[in-house]
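To start, the structure itself, in structure tokens.
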Amino acid sequence: MKVVTFGEIMLRLAPEGYLRFNQADRFQVTYGGGEANVAVSLANYGLETKFVTKLPKHEIGQAAVNDLRQFGIDTSYITRGGDRIGIYFLEKGASQRPSKVIYDRARSAISEATTADFNWNEIFEGVDWFHFTGITPALGDNVTEICIEACKVAKAKNITISCDLNYRKKLWSREKAGQEMGKLMEYVDVCIANEEDAADVFGIHAEATDITSGKLNHEGYKDVAKKLADRFDFKYVAITLRGSISANDNNWAAMLYNGKEYFFSKSYAVRIVDRVGGGDSFGAGLIYSLLNKYEEQEAIEFATAASCLKHTVEGDYNRVTLEEVKALAGGDGSGRVQR
Amino acid sequence: MKVVTFGEIMLRLAPEGYLRFNQADRFQVTYGGGEANVAVSLANYGLETKFVTKLPKHEIGQAAVNDLRQFGIDTSYITRGGDRIGIYFLEKGASQRPSKVIYDRARSAISEATTADFNWNEIFEGVDWFHFTGITPALGDNVTEICIEACKVAKAKNITISCDLNYRKKLWSREKAGQEMGKLMEYVDVCIANEEDAADVFGIHAEATDITSGKLNHEGYKDVAKKLADRFDFKYVAITLRGSISANDNNWAAMLYNGKEYFFSKSYAVRIVDRVGGGDSFGAGLIYSLLNKYEEQEAIEFATAASCLKHTVEGDYNRVTLEEVKALAGGDGSGRVQR
Amino acid sequence: MKVVTFGEIMLRLAPEGYLRFNQADRFQVTYGGGEANVAVSLANYGLETKFVTKLPKHEIGQAAVNDLRQFGIDTSYITRGGDRIGIYFLEKGASQRPSKVIYDRARSAISEATTADFNWNEIFEGVDWFHFTGITPALGDNVTEICIEACKVAKAKNITISCDLNYRKKLWSREKAGQEMGKLMEYVDVCIANEEDAADVFGIHAEATDITSGKLNHEGYKDVAKKLADRFDFKYVAITLRGSISANDNNWAAMLYNGKEYFFSKSYAVRIVDRVGGGDSFGAGLIYSLLNKYEEQEAIEFATAASCLKHTVEGDYNRVTLEEVKALAGGDGSGRVQR
Amino acid sequence: MKVVTFGEIMLRLAPEGYLRFNQADRFQVTYGGGEANVAVSLANYGLETKFVTKLPKHEIGQAAVNDLRQFGIDTSYITRGGDRIGIYFLEKGASQRPSKVIYDRARSAISEATTADFNWNEIFEGVDWFHFTGITPALGDNVTEICIEACKVAKAKNITISCDLNYRKKLWSREKAGQEMGKLMEYVDVCIANEEDAADVFGIHAEATDITSGKLNHEGYKDVAKKLADRFDFKYVAITLRGSISANDNNWAAMLYNGKEYFFSKSYAVRIVDRVGGGDSFGAGLIYSLLNKYEEQEAIEFATAASCLKHTVEGDYNRVTLEEVKALAGGDGSGRVQR
Amino acid sequence: MKVVTFGEIMLRLAPEGYLRFNQADRFQVTYGGGEANVAVSLANYGLETKFVTKLPKHEIGQAAVNDLRQFGIDTSYITRGGDRIGIYFLEKGASQRPSKVIYDRARSAISEATTADFNWNEIFEGVDWFHFTGITPALGDNVTEICIEACKVAKAKNITISCDLNYRKKLWSREKAGQEMGKLMEYVDVCIANEEDAADVFGIHAEATDITSGKLNHEGYKDVAKKLADRFDFKYVAITLRGSISANDNNWAAMLYNGKEYFFSKSYAVRIVDRVGGGDSFGAGLIYSLLNKYEEQEAIEFATAASCLKHTVEGDYNRVTLEEVKALAGGDGSGRVQR
Amino acid sequence: MKVVTFGEIMLRLAPEGYLRFNQADRFQVTYGGGEANVAVSLANYGLETKFVTKLPKHEIGQAAVNDLRQFGIDTSYITRGGDRIGIYFLEKGASQRPSKVIYDRARSAISEATTADFNWNEIFEGVDWFHFTGITPALGDNVTEICIEACKVAKAKNITISCDLNYRKKLWSREKAGQEMGKLMEYVDVCIANEEDAADVFGIHAEATDITSGKLNHEGYKDVAKKLADRFDFKYVAITLRGSISANDNNWAAMLYNGKEYFFSKSYAVRIVDRVGGGDSFGAGLIYSLLNKYEEQEAIEFATAASCLKHTVEGDYNRVTLEEVKALAGGDGSGRVQR
């Protein structure tokens, strides 16, 4: 099975441990971004995966490519050019102190790309699934245009399309997001969202959900999923449910709606190592399980277990194997040593 | 608003992570000390802050000065001379294993300073607040004398004086502490103490408080605050309330008494990154909020939130901004990522 | 008092922090192994301790020797020769992700040793206690033979013998283990086991104990201890009781059976720094307390406190002092800073 | 004596040691830039130094400010605003492999600053010397305009102005540089250049100098200095003379021309730790010695010794004291341990 | 152009900097081996490169695969199985202290592979060049057999075959090496050797060459090359010429013989960062230049420049680009900063 | 053969690499001191070695003991008590920037020790050689007294006594040193000095030796050795000859005088990794070779080779084996890789 994801990959710079930005004399260097993170997960699960983006020709751009290639991802459709790679600075939070992200992504190569940079007919040859997130069109009207073109070609080739809403308020306004994402949703089969995205992008609210309490409002989520599916005719809507107890401790679960029924996963009490990319790892888990025709309950358990594990891995990427996800989804979360 | 703090700043040497002293082949190098920690907090909140001490002329002494200057602290009244900088070794505890501090501070430059080293009339020019802790007079009779001189000059200039009792049994006996601190308390307007200081220094006990349980005895604390205020005629008495569950997990709250009423802060369940300087960050929060005429409840919430955040920051210094403290005091402790 | 332990010491290579194997560009280098770990604990408590093994002559073999010598362990009976030191790779788990151990210990010097490599009469001169674990005979028939010879000599010299069952399924089958360990048990006075060993090696099951729940089944454990003692005529049977909540959080307690009564220790809620060697540190605590004629309840509390502390120390070795164990066994687990 | 420098300060990200970009999983974090580097040197020598620039309000911008403040630099005239801080990536070369710099500085706050961002009348109050480099005007026409305004105000206040030509081909063409720098040179009293700048910016060539050989062509340098002084009526022209043997080994010397005579410094055989900022440390040494009325020979020796030492210090900044520079200029370069 | 290399890839564990084995508490983790190193170089130069070996299925084996994939190497013909990956420990020498290598490679997966593990007809489909070194057949008779089979298939497909003699005395005796390598040489077109290999393997000596002096004996090398070419009918013989001044400083040059003429490269005075893989990087440079029909002098200059650069790169792999090699071969070895 | 050394061991704190004190956020932690360094060398060569000192009971004192024990040194005569361990801060120099040492050793446990702390009759039981340096008596009159007592007991037991003059101007004046060392020299058989000690302590000057040039004045050294031997009736006088080219590069050689003839070693061009302890490693080499009855030329070659190697090892201790010293003394200093 073959998958394509399209979006931005950034250089991520993070102080070590719980150091604050102004006390770090070193930054850990990794790479990541919504769609790249999904690509890594899928390659780790054994799917043939292409990641499509644009990156500058210099050594840092190349390092991002190398980083992807180690997982066996096909990077041959990454267009090289432009001036810079997007950067984000990440300071890991602890207890009552939240994690902080400073973006320095404006004018990145992908954000200045044009439709001429990508040959979607060639890229989508023999492909089964196409995934992107709401971050990609938010990079600029030119990139929205590329997304639309990609969706059209994908649709014409009968490729399943998934989109994670992933609203980023630093990139565009709610109004603009709603308008542009609305257009793109026409092509989308599987919609993934967290508890805030539907409200931010489409003004669809879960009733009475307090995102800072850690308690979940099942009925509210069902309502949101149904409204989303009804408005855009999605085959599936998946919603991740994060209960933030502190920067170290979260509860994590998810729900899948197939237009008829609602499937809730187990909920995990997660002690966080690195929560960035948690949503992406969920999306990848869902794509994998739907591509492999898992039953809905099994699918949502797989996706949630995958993303639960992501929270224990440093960096954006979910460096876990199929076997590890299956083991957790199958029930052993006791963390006993494996010899 | 201008503040002066006076005391010792030490070189702090700590194994990385949870390594024990005898397995560390590197020590993390930071600087800190009760009054220096308060100065850093206040400078971070935007106050003009002078830190006064004595440090040797060599490169390590200079490094301590540089470290303070990065926060914009005025270090021009640090007398340079003497032979050594005080040192403390810190091993971070975990779970049931407590943190361990080894002091090597005898004969430090400040502990051998004399009244001739400081021109308090000049130092206090235009200053609004003077802060010191019980550690400073404990460094020696000569330093007690300096403290008394400083207090007299401050009082003559109508400067508010705060003191954190901060009893250190390695530096002096309870008897000596009670006697010397008693003299100094005559000048003090705002008294800060933790749950043990009042007992250690002045023999004032909270009834039936078990410091190892994490449960708080509100009535006992009220009683202690009232006795302290009555004996020394303080305008304010503030007491921090630490509940030690383990070396990793503490409950943290505080109380403020204005001679009439008692104001209790929220209690925080803190997962600890570094708890050294927790009390100092509380003192600084209190000074800031009282200087800025916060209402008592608001003041104690600000001070407690500030010190809650300190527990999440490596090193003695509380590297947080005014905005961050206000955000936590205002209610969001869920630790969600800030993008 | 003099103790001898005999077994394999391995080079342990572990990514830093919670990094996964495939993202580590450095491995932390320590050394360890069941019996070496016990030796370190006992040397730390002040006993004269010999560790006996075989190690190659090269620099890595020497580094393992040096590592042991720092604790004051007598390494003069370590035979030098053979081709390699056993290696194990350790990836620390977090939350729902378990720790992972990859062994690369085949063909190690000790696994190819013969009875000619050790002069037990000389080694046991003046010795009070001999300890080994089920890992040692599992290294090969030749090593089982060495164990039997050692036991015979020890028995002849009236030396108390303890054995930690420590079943390793990668080294031998349950059948083989049961058969060989059965022979060795004839010499053993004190048997130590965890909740699975008795079942794996001797087919003795605790009834209805769910090792992944964290809840303990006291009656089940009593039953196992009694069956073990009855079958092999042990003076003492000690069983450690681990409740795995996650890779970060475990409950930890133990039980001692003296053939008549059952003594349960306090249970500790442990936030884990490094749990490898936890069982060994328990064994060492038990040996120390029995050698020093502690009462049974005191003995099991000492051993459990010792191993509770081990979980907070990086590396296989339990780098704690007698005073620290006593302090915890005596009741203060609040982790307050010791100044 | 008071000095102002004006220009860009960048976040510098460098792999550790001799690692290449694509094998680094950490970058060392420091800050630097031509004029900031000069400011640090001068503050280290005890001058009152202001550094003027524009930096974003976020934490990385603040970290750059803190970094400068540690040296006692006055940062109160740094305008806060704009979107980003310029970044440069540095890979340290070794032997025949050259160091590599990747700039990511476009759209930095300072490059988008306007004349409204700086009040030069206030900045230059009581100031003796103003320094900038050819990099600053190269940031954009708007910044050239700010430079011109600064020069005009400085001139009106009789402040000595120095400029290091510092040609950067990535920022502007030779033609544009010649034209804009030509205008600025009218205000400049002291011109600093390396062996290539005069040719790149003003088309003035040293005859027959092979910059890759390490041998110096004294007559050629004299010729260049005279032409520069004649064309722009400089009081002093200083030229640094670098002989590159390899990325590790350079010969380093300099020449000062006062319009009449030529003064050559000693030449140092330098084993390089970090050569970035070498020219800036020379400029600062020259400013210091001219401000302090050193004789020409003494001045050029001081400046060259200062910059020789810079090559032994990690980071852009020349972390050396006045005493250290004087000691080397005075003749002891044997590197014997100072106890 | 397509290349295949075949051999062992090992886990390399090295103390940081110049630390000795017994003082390192961390080992740097990289991967490497003669033929893997060649594959990395060729992939870096843009050739389609397959690396063939056998590696265990566990995570460390996978990490080695990932490490290769980052360069775009085709790893799909790496057979997975066996028990262990070969390991070597490397301690970097300095000045008069030599680097030290401890091998722990016995029983590695590749050393226990059989001819059934590799389908050479498929592997060599469309391939232009096959490379292996003398280390591979030395791993065991079974691996010699695989080499012979590979050579036969390659020859049948008209693939050019190169071999670096690379004698390892720890793996086999000179007699055995001479006998087995002699058989393999029948298939080899291009023979690569250092100054000692020809003597060790085939008893062919350069007259009067003192390998510890750094002075080269040109006539001696010519003699060796001619004898080698005459005996085995090689198209090309290339010999690297290392002059060891100390562990930090080497002179490095090479010679190419085409059966008629001798071509000597420039000699480089190299300050060493990491000299392991130096010969492999030379071999790769030669393969690249011969595959691209470079003239002999150009070919030997390219190969020598490539390997000169390798000495400046940490790890076994030569992380340099085609452009970088060409720039050095073209003459600029002054190491000036590239901005 | 059994050796005793007596003196101070300090905690050494050093920034990593070439970082300056004020930019280090970590210090490397090692231990060392003249006589401890000699003890480590001798233990490494296989001699039974006791190191005698006084150290505080706290964990840092224990870590120093553990550090010594790893080499197999007998630490059972280290008296435990006193308040602190001496500390020295070391900043490594580079090129023209010298290394810098800041001592913080006043009031260390050993400097406050008394004759009651050491039972020399027991310590010297069966011992062949006693070594101390001029640093030990310089710690205070009380320590001088201990030295005298030790020398008397040693002499009475016919133990050979060696002393390295090792003048430290921070500890005592030249006058005081001359007077006290003069008394001690009566007991000394073997005197070791560097090129400055004889002048500093006894006013004995080598004629016309320029210690900063690297050229050696053989006749001058002979003269100094003869004067020393004549004045104090030494059996041997050994002088180390250091030529400082820069902080990175030194020439290193030595001379031995047996009262009749002068023996000069080879001279080594050393690229320095860490030169602290260089003299001590020479002393240890000399002790070893004289104890083993080496011929004078062989002895001085062994001692010089040993100390040449020390310059390549991080930390105070000379972590080299007998075989390594012999290999270098025997002639191979080319630094070729040892596989």
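Note that the chains take the letters A, B, C, D, E and F in the order they are written out, and that residue 1 is the start of every chain.
Just so we're on the same page, a contact is a pair of C-beta atoms (placed from the backbone, for glycine too) under 8 Å apart; a residue touches a chain by one contact, two chains touch by 3 or more.
What you are looking at is a predicted structure, and each value in this text was computed from that prediction instead of being measured.
Enquirer: Of the chain pairs A-C and C-F, which one is connected by the greater count of C-beta contacts?
Expert: Pair with more contacting C-beta pairs, A-C versus C-F: A-C.
Enquirer: Among the chain pairs A-D, C-F or D-E, which one reproduces the interface of A-B, with more than half of its contact pairs identical by residue number?
Expert: The pair repeating the interface of A-B is D-E.
Enquirer: How many angstrom lie between the centres of chain B and chain E, each centre taken as the mean Cα position?
Expert: Roughly 62 Å, centre to centre.
Enquirer: Round to the nearest whole Å and give the separation of the Cα centres of chain C and chain E.
Expert: The computed centroid separation for chain C versus chain E comes out at 45 Å.
Enquirer: Residues of chain D that touch two or more other chains: which are they?
Expert: Expected reply: 17, 20, 22, 25, 66, 100.
Enquirer: Sort out for me which residues of chain A touch chain C in the complex.
Expert: Residue list for chain A touching chain C: 17, 268-273, 305, 308-309, 311-315, 319-320, 324, 328, 332-339.
Enquirer: Per the contact definition, I'd like the list of chain E residues that touch chain A in the complex.
Expert: 66-67, 69-72
Enquirer: Which chain A residues qualify as touching chain B in the complex?
Expert: 17-20, 22-23, 93-101, 103, 168-170, 211-213, 244-249, 275-276
Enquirer: Which residues of chain C touch chain E in their complex?
Expert: For this pair, the touching residues of chain C are 13, 16, 20-22, 24-30, 58-60, 62-63, 66, 83-84, 87, 89, 91, 100, 102, 104, 106-107.
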